[in-house]
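Structures follow.
The same subunit A turns up in both complexes below, where it pairs with subunit B and then with subunit C.
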Partner chain A sequence: MENQQRNISTWQLTSILISTMIGVGILTIPRTSTTDIHQMGWLGTITGGMIAAIAIASIVYLGKQFPGTTYVDYIPKVFGHRVGTVLSYPIILLFIFFQFINAGMAARGFGEVVVTSVLQDTPLEAILITLFIMVLFLCCHEVEVVARVNELLIPFILVPVFLIPLASFMNADWYNLLPFHIDSWKEVGKTSLHTFSVFTGYELLMFYFAFAMPGAKLGIAGGTGLGYTIAAYFLTVVAGISVFGHEELQRLIWPTLELVKTTQQSGWFLERLESAFLAIWVASVFTTIGNMYYAMIFSLRLWFRQGIRFQRISALVITVPLYYFALMPQNIVELFSYTKKMTKFGYFPTIVIPILLALIQWIRVKLGSRRENSKKGGT
Partner chain B sequence: MSQFWKAWQKRKDTLQEKGLKDHANKSMESVSDLRLTTSVDENISLIEYQLGKSDDLVVRRFQVKSGKDAAIIFLDGMVDRNIISDFIIRHMTNPNSTYDDPATNEMDSTDGLRQVIRNILSGSAVLMIQGSSNAFLNNTRGWDRRSVEEPQTESVVRGPRDGFCETLCVNSALIRFRLKDPNLRVRHMVVGQRTQTDIYVMYIEGLAHPPMVQEILSRIERLNMDSVLESGYIEQMIQDRRWSPFPQIQNTERPDKVVANLLEGKVGILVDGTPFGLIAPAVISQFYQSPEDYYERFYIATLIRFIRVISISIALLLPSLYIAFSAFHPEMIPSRLVIAMAAGRSTVPFPSLIEALFMELAIEILREASVRLPGPIGPTIGIVGALVVGEAAVSAGLVSPVMVIIVAVTTIGSFASPSYSAAIAIRMLRFPVMLLAGMFGLYGIMLFLIVILIHLSSLKSFGVPYMTPLSPLNLSGMKDLFIRAPHHLLNKRPTMFHVQDKIRMREEENKE
Partner chain C sequence: MAKSVRCFIRLIVCLIPIILVTGCWDRRELEERTSVLAIAIDRAETNREHYQLTVQIPIPIKIAGSSGKGGGSNSDAVKIMSVTGRTVSDAANNLQMRLNQRLFLGHTRVLAISEDIAKQGIQDIMDNFRREPQIRRLMWPIIVKGKASTLLEIKPELAQIPVVFLMDLVENGSKMGTIPDQTLGDYFNQTSNKTMEPFMNLVEASKKDVTWKGIGVFRGHKMIGQLDREQTWSLLQLRNEKKGGDIIIPLPNTEDGYVTFRPHFVKKKLHIDKAKANSSGASSFVATYHCELQGDIVELTENMKVSPEKFILQMQALIKKEMESRAKKMLQPLQKQYNSDILKLGLTLRALHYRDYWETHNWKEDFRDFPIRVVYTIKLRRLGMEMQ
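Moving on, here comes the complex of A and B:
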């Protein structure tokens, strides 16, 4: 919708991108990236990031083509008026559904970590409910508030994410990273498709770019955001491999949490850091879930052309199925198999559709300019 | 074209001013707006009727030198009697005098009853002469007022010692005295149907963002309340979000603070009858910034700001961190300390949440009581309460010694904030964090902080987001947020209040 306020700055977009991408995935990435290509797992984060880079580039292109409009409004325009309106319904639904399950899985993953490692006596339901209450509170506000919250929380996300790998290098055994050798490039491709799942969240830019203030540099926001995220994942995986070795990593559920545990600093004020890390990490998980859920609710609001009241009520109503969905996996093994399925399902809304839309729009623009040129030639 | 534009602007301004003046008169609606007659006796009975024959209404009849009957009407105690006797009565009856009007320095005349009543109520002496329907309104206000004293709530080590007092004109003079800028504008308004309180809205034209000034003026104008006894009434009625625990308008007793804020493009509001002026818009930095920061050298000013930020965080979080650590995460505390803490807590029968709530409640009672206590015995009771009760509670096994230290540090920390009303918000929010920490440990604390952060991000004070310059990020404002950059680097005004003249000082002339 054009009449929305457009006041999100480039830096706010960058922080939205970073804080959405860095979420639950960072706890498992040292394991998932080393399953197939072993000591070369760090390569997976870069290649996975490259896939995301293509998709982000096409989202940036779309954002520049349709300034001030979300995907809800520009998908019909890309496909043309009649066909587009019909085609846009399943695509928008797909998007909203993907955000729904992504938010649900992230919440469950987080709850699982907290319950098993810090608050052993607290039921999982209590963690999920409090988390959803926070998200609901966020959904009662306008988009600019979401941008500001992301901007304020970004230090809480970036500092631990970079500090922990660097601190754990003290226990690193650098031989674990050797040899620099790749068995098969097929495995690399497989790994990068796996690790790609930790980058999901960037597709929300199709939504948040619409609120960028005129003159905001979308490309720079996308590039820097992705750069920081790749760097964070890369460092985490390198730290994981160098401290534990790729074989031991396969036996750890949350290798990054184990990394925190290994960096005990006796003589400091605090003796063990994992509780503090998890507490600070709440910010990161909250922004991930909050941004996803907010984008989903706001898309619904735009789709049905309603106001803030609709947004608040639907946020409240949809939390109930989200809560049940988050509780669906019976245990942690099932949770991981759900996540795997979700990753495969996610290729469609996160890679295929943005690239497809950008391609069609590009062809459209080319054809349009040729038609214009021929018109000019005629006169 | 620009000529036309200017003329248009001027016309708009005069119309607006007229509208504001009309409004000031509108709130006297209970008085019927009659014209005065030419007979003094009739006029006196009209006024006496409107004021219900109050016994403090003084009517002094005399004859002017031409032999006409005249009368002065004023309220007892609100006027300076010397002015009336020397410059009105003696002057008007003196046969040598060649003038027909009184010799007071501020005089106006009207024939409207409503205006006469209004002026009598605000301390004017009204002079009426037989045969004329015009009454002279002499400003003879002069009641006993407190002199300018050092502010009680915002004392500084270095800086001016004068603070606002209860009289509006003295307060505005304190500002004028520091700011001799011809562009300083003062808009007078009257709020309160019954109290008829005078309000000055001050801003610097060419600095303050005009739509913001307009917004503040129109919000005050729209107020429809019967009394304004303190600036807090105005503050709570015109702030953006009335349900928020955070003050969205700053209050201060210090004229130098008001002037500094006017120079940043903000708007000052002074209310008659209170030493507390208001500054709008307010942002998060009001919690820990003091005018003293600019008077001292910037190293120490920056350091003190950091100390204030730390002490505010302590005031908010320390008790809940204690609860979280001792109840949920004892593994985080160094092992020797945890043994000492466990030894101290071994006799305490309550969980740490109850222990902390109990002690915090005790200290709040002590604090509130010490405000009410008569001056000389205040410190004594403080010592008895804090030391004796604290010591006895530990030896009785009710609380652990660590808890006493934490409560003491928390309380002192909450008073390190230079703004008392901002610190109230922090003191209040301490209790919900403690409850959440008792339920979920560090996770609960983080939950609460995020909720507060969302709320703070959604707050706006007259169009300025509350968390500026942190978010939206404003690099020019960051120079004066946590660090106080040296003055020669603060050569531009912060842009977050939409100032129009951005240059504070020209750099070339200030080179070393």
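Moving on, here comes the complex of A and C:
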């Protein structure tokens, strides 16, 4: 295995985590989290985040156990040489496939928002192609560039994501958030699993942790990143419920966008905030899709043990199926049903596998059977 | 390596025009749009099933200050056009056929609906406004007595564009606390919310000007009645802690004496208490609004001939009595006649008494019989520039 550059700092890891998680989901989360548990929808963001927290903790543990190696390399090590190599293929494939569909659906969601709300006469294809070209450009570089792009764009995501809910509290009616009670815990569980989908993207840490500087604090990066994201989603949902009420939220297709539209008050320095919001949001979607696609391509490169050239060519080639995949849902209803299916499929690569891997590794360590002590080096 | 980079640069150069071109599908210069400032919806005169859509379009060149010519009489600064159609969007399409540029609703600030249509229900009209992304949730929906188009045809003279005049009227009114700040978004939220009913501002327009008359009370999507100014002000005090207008009360024991009280600060507290179970056992909750008004006396047309200390007490008692009777006059039709909770009382009930009240009651029906008490506390602070 070629020696990876390890130069991503803790803050860069945090920004990668935040900007990957915050993407298209933030526009729909006030609706999706309140569908079943109504005014208590904000609870879903916390419980959903808790599920993600367990998975992130597992990934951090794995990252510490195998510093400098990505999941592509450490999965065989976890399972042991022979079994691991065989077992790792379907897992890596699953992981890569999940990144592929997640990136595709995120791109499609982004395109839908732009087409329904601002550029109504622009073909969806044009928006997707533009986005993919940008992503493709990103994929032609080393990981360091991805880290720097994320670091550069993170202020554009951090600030408005907090500012918008806080500003919209001006026309909030707090009684919309009450009564504080839960009808059935089953619904809460359902909502958490559903809301969990907005956190997907953290599983990329299985990949990006490998490039962390020696001494970078993985736990802190994972913790702050997740904490921030939970807070952002929580605030957005609270703002959505308190401004619109949970009944109205069910009727809004992009509730957060409507929130931005109603937030402007006379006397605000900016009227028509939604154009600014959309412009900023492009950055957030770009980093989401870019990070996912990049991780996917780079995983392929590592898997096939190739160089940057392979990465560039495969990035270009795979954009074509990605583009067609993004165009597969024929209408907005189908898109939402696709994302629902994707969420269910996503439990496997994002929750089950990291936790399972961490568990097995933990048991291995406990049993004292450390067969591999070398930090790098292939199977 | 170098070769692939060069190849890549070539690729990028080819792709840049494609990226730049994407902006053009929706490119629309400002002068290529016909901005509509206000929309009025009436029933068509020829066919009662159809809608008549009237729009007000500003003419940029005629607006004073925009170019050398400008000025002139204000009626010229806008163009008013009427079309009919089976639905709102059908009418809008018919309107488009008569315009040289594309219609743009992003600047629309007022949606006027005739009382006649409001009374028959406006769900079908609102659907288009909900779907259209250009429509702002912050625009003002207004019910107009008589024909809605009269609101767009006013010539206020004080402002060049009639709609701007109307907007300022509503905006300043809501700043002063006399007119409810009821936007289209609020209307949407209130129709969806199971705990409350919507309302809209109600105005009457004549040739020259427009008067705010109160609010139209809805139940579901149908307007079922109205509250006049004084009733609306009571509502505003209890619902939004807005101060409402001046309160003019005839002085008792005088021939033609009046006192005018101007509230400056309003504080409201809503208590929902469990009353002692009465004999029937049902409906054991009582809502009590405690409302505190602080304000001044701004007019007193007859000398009361009492000591200042006594005068203050007398006036406070008089205003308290008047305000409580006004609140009653507001609640009476709202509960018994319209059975429409625009007070947001249901929201509070659901929030605070979900288990013990909300689950077992159907608020849409039970609002009618819910006991509501209003207690005012008047704090008369100053008497203006006079000593008494």
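Keep in mind that, in the parts below, the second predicted complex is superposed on the first by the 361 of 379 C-alpha atoms of A that agree within 3 Å, B and C clash if a C-alpha of one lies under 4 Å from a C-alpha of the other, contacts with A are read in each partner's own complex, and residues count from 1 in each chain.
The rule we apply is simple: a contact is a pair of C-beta atoms (placed from the backbone, for glycine too) under 8 Å apart; a residue touches a chain by one contact, two chains touch by 3 or more.
Just so it is clear, the model here is predicted, and its values are computed rather than measured.
J.: Have a look at where A:T130 lands relative to subunit B and subunit C in the superposition and call it first, second, both or neither.
T.: A:T130 sits against subunit B and subunit C alike.
J.: On the A-aligned overlay, A:F286 touches which partner chain: subunit B = first, subunit C = second, or both, or neither?
T.: first
J.: Could you tell me if A:A276 is touching subunit B, subunit C, both of them or neither one (first, second, both, neither)?
T.: A:A276 sits against subunit B, while subunit C stays out of touch.
J.: Check the residue A:V118 against both partner chains and state whether it touches subunit B (first), subunit C (second), both, or neither.
T.: It touches subunit B and subunit C both.
J.: After the superposition on A, what does A:K77 contact: first (subunit B), second (subunit C), both or neither?
T.: Neither: A:K77 stays clear of subunit B and subunit C.
J.: According to the stated criteria, A:R364 is in contact with first (subunit B), second (subunit C), both, or neither; which is it?
T.: neither
J.: Please work out whether A:K190 is in contact with subunit B alone, subunit C alone, both, or neither, and reply first, second, both or neither.
T.: After superposing on A, A:K190 lies clear of both subunit B and subunit C.
J.: With both complexes superposed on chain A, which partner does A:K217 reach: first (subunit B), second (subunit C), both or neither?
T.: neither
J.: List the residues of subunit A that touch subunit B in one complex and subunit C in the other.
T.: Shared contact residues on subunit A (touching subunit B in one complex, subunit C in the other): 118-119, 122, 126-127, 130, 137, 266.
J.: Can you list the residues on subunit C that touch subunit A in the complex?
T.: Its residues touching subunit A are 1, 4, 8, 12, 15, 18-19, 21-22, 25-26, 130, 133, 136-138, 171, 183, 185, 188-189, 192-194, 344, 347-348, 350-352, 354-355, 358.
J.: Per the contact definition, I'd like the list of subunit A residues that touch subunit C in the complex.
T.: Within the complex, subunit A contacts subunit C at residues 116-123, 126-127, 129-130, 133, 137, 140, 173, 175-179, 181, 243-245, 247-248, 250-251, 258, 261-262, 264, 266, 309, 312.
J.: Would you tell me which residues of subunit B are touching subunit A in their complex?
T.: 328-329, 331-335, 440-447, 450-451, 453-454, 457-458, 465, 467, 470-473
J.: Under the touch definition given earlier, write down the residues of subunit A that touch subunit B in their complex.
T.: Counting only subunit A, the residues touching subunit B are 7, 9, 11-12, 114, 118-119, 122, 126-127, 130-131, 134, 137-138, 141-142, 145, 147-149, 151-153, 266, 269-273, 275-276, 278-280, 282-283, 286.
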